[in-house]
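Heads up, the next two complexes both have chain A, just with different partners, chain B and then chain C.
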Partner chain A sequence: MTAPASPAAPASPPPPPSTVRLTIEGIPVEVPPGTSILEAAKQAGVLVPHYCYHPGLPVAGVCRMCLVDVEKFPKLAPACATAVADGQVVHVHNEKAKKAREGVLEFLLINHPLDCPICDQAGECELQDYTFQEGRADSRYREPKRFNPVEDFGGDVLYVPNRCILCTRCVRFMSDVAQDPVLNVSERGDRAFIGKAEGHDLTHAWAGNVVDLCPVGALLSKDFLNKARAWELDRSASVCTGCSQGCNVVLETRDNVVVRVKPRSNTAVNQYYACETGRLHYRWMNRRDRLEVPLVRGEAGVLVPAAWEQAIAAAARTLAAAPRLVVLASAGLSNEALYLLSRIRGPGGEGVFRVETGPEAPLAGAPDLALRADRAPNGRGAELMGFARHDQPLAALQAGDTLLVADHDLAGLDLAALDRAGEIVVIGTTLPGELVSRVAVALPTCNVAEEEGTFTNLRGRVQRFLQAKAAPGEARPTWSVLGDVAEAMGRGRAPMLPADVFAALAGDHPAFGGLTYAGLGLRGLPVLDAAPAGGTS
Partner chain B sequence: MTYGPSAGAKLATTPAHGHDDAPYQPVFTGAARDELETLCARYPSRQAALLPALWMIQEARGWVSDGAVEEVAQVLGVSAAHVRGVLTFYTMYHQHPVGKHFIQVCTTTPCNLCGAEDVVNAFLRHTGCGELGVTSDDGRFTVIEVECLGACGFATPVMINSRFLESVTPDAVPDVLEECD
Partner chain C sequence: MAIGVKVVERPTGEVSYLRSTLSGLATTFRHLVDPHKVTVQYPEQRWPIAPRWRGTHRMLTTEDGKAKCVACGLCPTVCPANCIKLVPGEDEQGNRYPLVFEIDEFRCIFCGYCQEVCPEEAIHVGRHFENAELSRDRFVYDLARLTSQTHDVCELWDPADPKGE
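Take a look at the complex of A and B:
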């Protein structure tokens, strides 16, 4: 989508102006030459209704929805495919443009089944929205509508051709961004539909994006099919925990259950996209076998529920009495939690973690974007906090060491090493079965969907995630539990807010110098020694 | 050689015979490949030779199979999805096997007024096809209706493969078929 390189200009003509001034809906805007009217209108705060245009895709100009009235033009112009010119006066909402859009909408609805009540897209459908805003109240079309059966496109995608408006966003995404061109427009005229090459499926690691790109309900996620209505969902800005890329996402919950993960645009990290792994990486956030109350091993040697104060005191006592402390910290913990763990660990202790790995899956058409081999969000953060990465982290355990397991998954670890541990303390979302008989204290914490904090992605970008749902039982945010434990051990004051932890972290670690929790915003900032974006993985 | 319209619209039904399960044999080998390369040299990109390449396939095999789509995609360096999109856009490429003699009868308004329906029915009866778009049991004939063949003054025009006949009447149909080997 890069503009073709301009040929070497002869010396005589004056250089083109660096900006173009025009008026859109009476609002003056100044944009670089070559900008489309549609993008210029966005800067003026004017939304030009459109379907086929998407900022991440090549311009097609096929939907005719973005027609605008440009003064002195003989006819309406498609705002997505018309470049701005100096002194242009553009009308988006005058009678002429509105009438054109009303006509386009009427044609788009001729073969549309109008089955919004059973359509997953209802509530977040641009066809529904624009028809409601500026379409006709009723249809003049009385003939039978075209019918095509639903097709399984493979992967997570269903195609409902009757709802399709043939904007070709999905075709362009697969051919230009995923660069796995398996979709096409088949047939023509009123018979046209989105076709799939025989014997190929939408199994590309990033194919699920066609569901988000589809402005109507023609491409649906099988995973989300009939699960919830769009208006019942609560949405929270978050960061994907599927790998170390740190794609910005939205966690969508219904009745305190995460039901869908959608990408949130961030041109510095994931453009507009999220991979299949990330999209489907949410079920664990809803797991019910959670540690819900603090547990302390009582007089009789059995684990009994305890009040938070007693449990924290017991944990602090056990950890402070450790001859040597080994902290097994998950790379899925926030920077804040890992920072507080490094305080608890102290200079004499050892911090280790393990990261699950898998095959890397790049998105060819986007710079520096891939499903990364490291399938945890904060391995970089853990390393910055002084934790060492090992394939067998429990090998660090020496006889008599106290082990603190901080939400680390025990699957794949050499559990025989646990026999060397003196005391074991668990601070995490679950109490693994292997530890039930060994643990001295277990403190329940929130998972990533239930607390807020920051992750550091593989390029060193620090990004905030927000709380999406309530934690079960008495579980408390990880930073809060760890802060209290650290204070009880005499290692600094307990923080009141995650921002307090971040401020202390930024003070202690030069790489985070100058960063503030609020300053990160919702799109994050790089740490000081971060590798420049755009490099290879 | 010409790549003119030698065939008709996509068939509504798949004939019972004609599909075989044998592995696909490539068309673009030897002389055919040389011919394709000559064609490609005429255009700025190989993709531009897509329509003639599909014609060559259809002339060689009578229709364009899934295997042929893959072959064309591979020799021209475009995606199979793109080839399929083009193949289905145009009505004169066959996506199913058709009879040896592909009969297209014009039934657009002037011909219709002059009795083209009767000509169609005569063809359906005498070829044994029985239904539009269905290939006769002996595999020799397929009959379809076609939009204007541009000979309104000579209703009813009929195309049999690339042979063009004018002023065909129902009575003439048996003689016309007699000439087909």
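Take a look at the complex of A and C:
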């Protein structure tokens, strides 16, 4: 009864020689041959309820939830594993299909505990949603439910076997996508559970995805456990800052605190996945030791809070008076901020940055997807803006140079070189302790979760990220602060919106030619391939 | 009348307050001699409180004295007055429990939704209304205060017995 296995349906279907026409719920659709009914229904805007099917995984057809009524078929067909045929008429929501789904739901709920109030998945649980939509109001099962204790799967994953509906998405992810087959289905019948290979843990760099793939609350993130309810979270589209891959993510905040990072699907970059490092790379966004007001060195030689206008004027004066300007820019800044920094730097100055590195961790089953060695989101963007990458960027500092530190981390740098600097200006989210006694002006900026902008990933794809939370104190978006400083130095007009900066950037840099801020959408576009690294005006 | 206000003669007999004053006083004097008394000598005597009265909150506890609450977050979600503050935590056995559970009785509108939504039958509105205090901050009830209350709790409306009989 299993139809021709069509793995990973939307993964680059070649231009079809012909198309298949069928009708789903009265809506005519035209799809390439070999498409599953479920994917065709998606195209028609009809959601076929399903658990085991996932577009990124091979089809298993085990949950029986996607049963649909196809005219002239002797019995109901699983929509995920049945290929479309010309002239088919499919009913998703007729009595026969609904009754089948109601039965499937009743079976799934036989051993499912009624612990939605304490389950982290509540609110984003597909079992909860479908039961509410079309399940029975009560259970006819009177016998005691099966009970298995909670198991720690290692890594960030906790397994609650009682809630498991055995869709095997996690098993298929680990064996086919991560290609580290540590999970299996152990035992049979109602005793079945997800087992873990003896002596192995879910420590694979991408293992955290099983938590997202799990349609119920059986696989939970230990990091997010009991932290927030799904309906309390505010979500905004962003780009992961953990490495230069630029995975599309959603930042989820509660009460202005980022509590979770989840992948956002983008078949051109990260498919449906995010790695463990990226998932846990959010705590720094909530740090409390932020620079919150503009500081200017007063007459007594002590930093005193100043109004924004005075602080920007002071910064512009210091930078304009520089005999030679060295800009130490973080590779975590947006393209917009780096572009404005290159304007402030001018042709005579020097721009440098350093990127933290770590071991690379590829995801075997996905093309060109890995946790990259460069652990910063915008190293490519910085290079395109004419910043040079160094292991010891402060070595570029010559005696008497003015140093502009733009949100760059000082950890691991040769700080003895700072003694050569004449004046130091800081524009960033924090004021490093080493600089407190030396800095002339410090301007507070927003971090990546508090402003919007774009990053260029290592393949040259420009992707937008949106604001997720409010900035502390008087901090302003980096592009706004840098734009004001550049204007005060007489280097162009201050932008009103990040889109203005992007338009100016696209005009100045041939690599970005033809791109518009709005045109990038939320999935990004690649820069021109002929981009010479470091082409500034 | 520089701006030309029109003065209308009013019929004095119909607008006189004398008649209604007298009829009002008649009611007063009739109650003076009426045997049916409605006045209750309040602190000593009390009216019975209705079984579905929604008053001061109370958190019920398990046999070992812990609050029944599992910090599911439904009551702060359903609360129309936003008066419940809840921070979930995890105890040594890995059970979910409320680290912080506070109800601002000033802000509460006593709709009773929190009791209705609670899946654990933990939080209740009570058949109790005498919650005067000498300082304002005492009106934010924390978990210890909510669990130490002993008054009766509100009975929920039973659809099978709509009149409560």
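We take it that the second predicted complex is superposed on the first by the 512 of 537 C-alpha atoms of A that agree within 3 Å, B and C clash if a C-alpha of one lies under 4 Å from a C-alpha of the other, contacts with A are read in each partner's own complex, and residues count from 1 in each chain.
Just so we're on the same page, a contact is a pair of C-beta atoms (placed from the backbone, for glycine too) under 8 Å apart; a residue touches a chain by one contact, two chains touch by 3 or more.
As the structure is a prediction and not an experimental result, all values here were calculated from the model.
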So, after the overlay on chain A, do chain B and chain C clash or fit? They fit
Quick one: is A:Asp289 in contact with chain B, with chain C, with both, or with neither? Answer first, second, both or neither.
neither
In the superposed arrangement the C-alpha centres of chain B and chain C open, at the centre of chain A, an angle in degrees to the nearest 10 of 90
| task | Using the touch definition from the top, say if A:Glu95 reaches chain B (first), chain C (second), both or neither. | result | neither
Which of the two partners, first being chain B and second being chain C, lies in contact with A:Glu299: first, second, both, or neither? neither
* Which partner does A:Lys196 contact after superposing on A: first (chain B), second (chain C), both, neither? -> first
For this session: Kindly classify A:Leu225 by the partners it touches after superposition: chain B alone (first), chain C alone (second), both, or neither?
Result: second
Overlay on A puts the nearest Cα atoms of chain B and chain C apart, in Å, by 26
Chain B and chain C footprints on chain A meet at residues none
Listed in rising order, the residues of chain C that touch chain A in the complex are 70-74, 77, 88-90, 94-96, 119-120
Within their complex, chain A touches chain C through residues 116-118, 122, 150, 225-229, 231-232
Interface with chain A, chain B side, in the complex: residues 66, 69, 79-82, 84-85, 88-89
Touching chain B in the complex, chain A uses residues 175, 181-188, 195-200
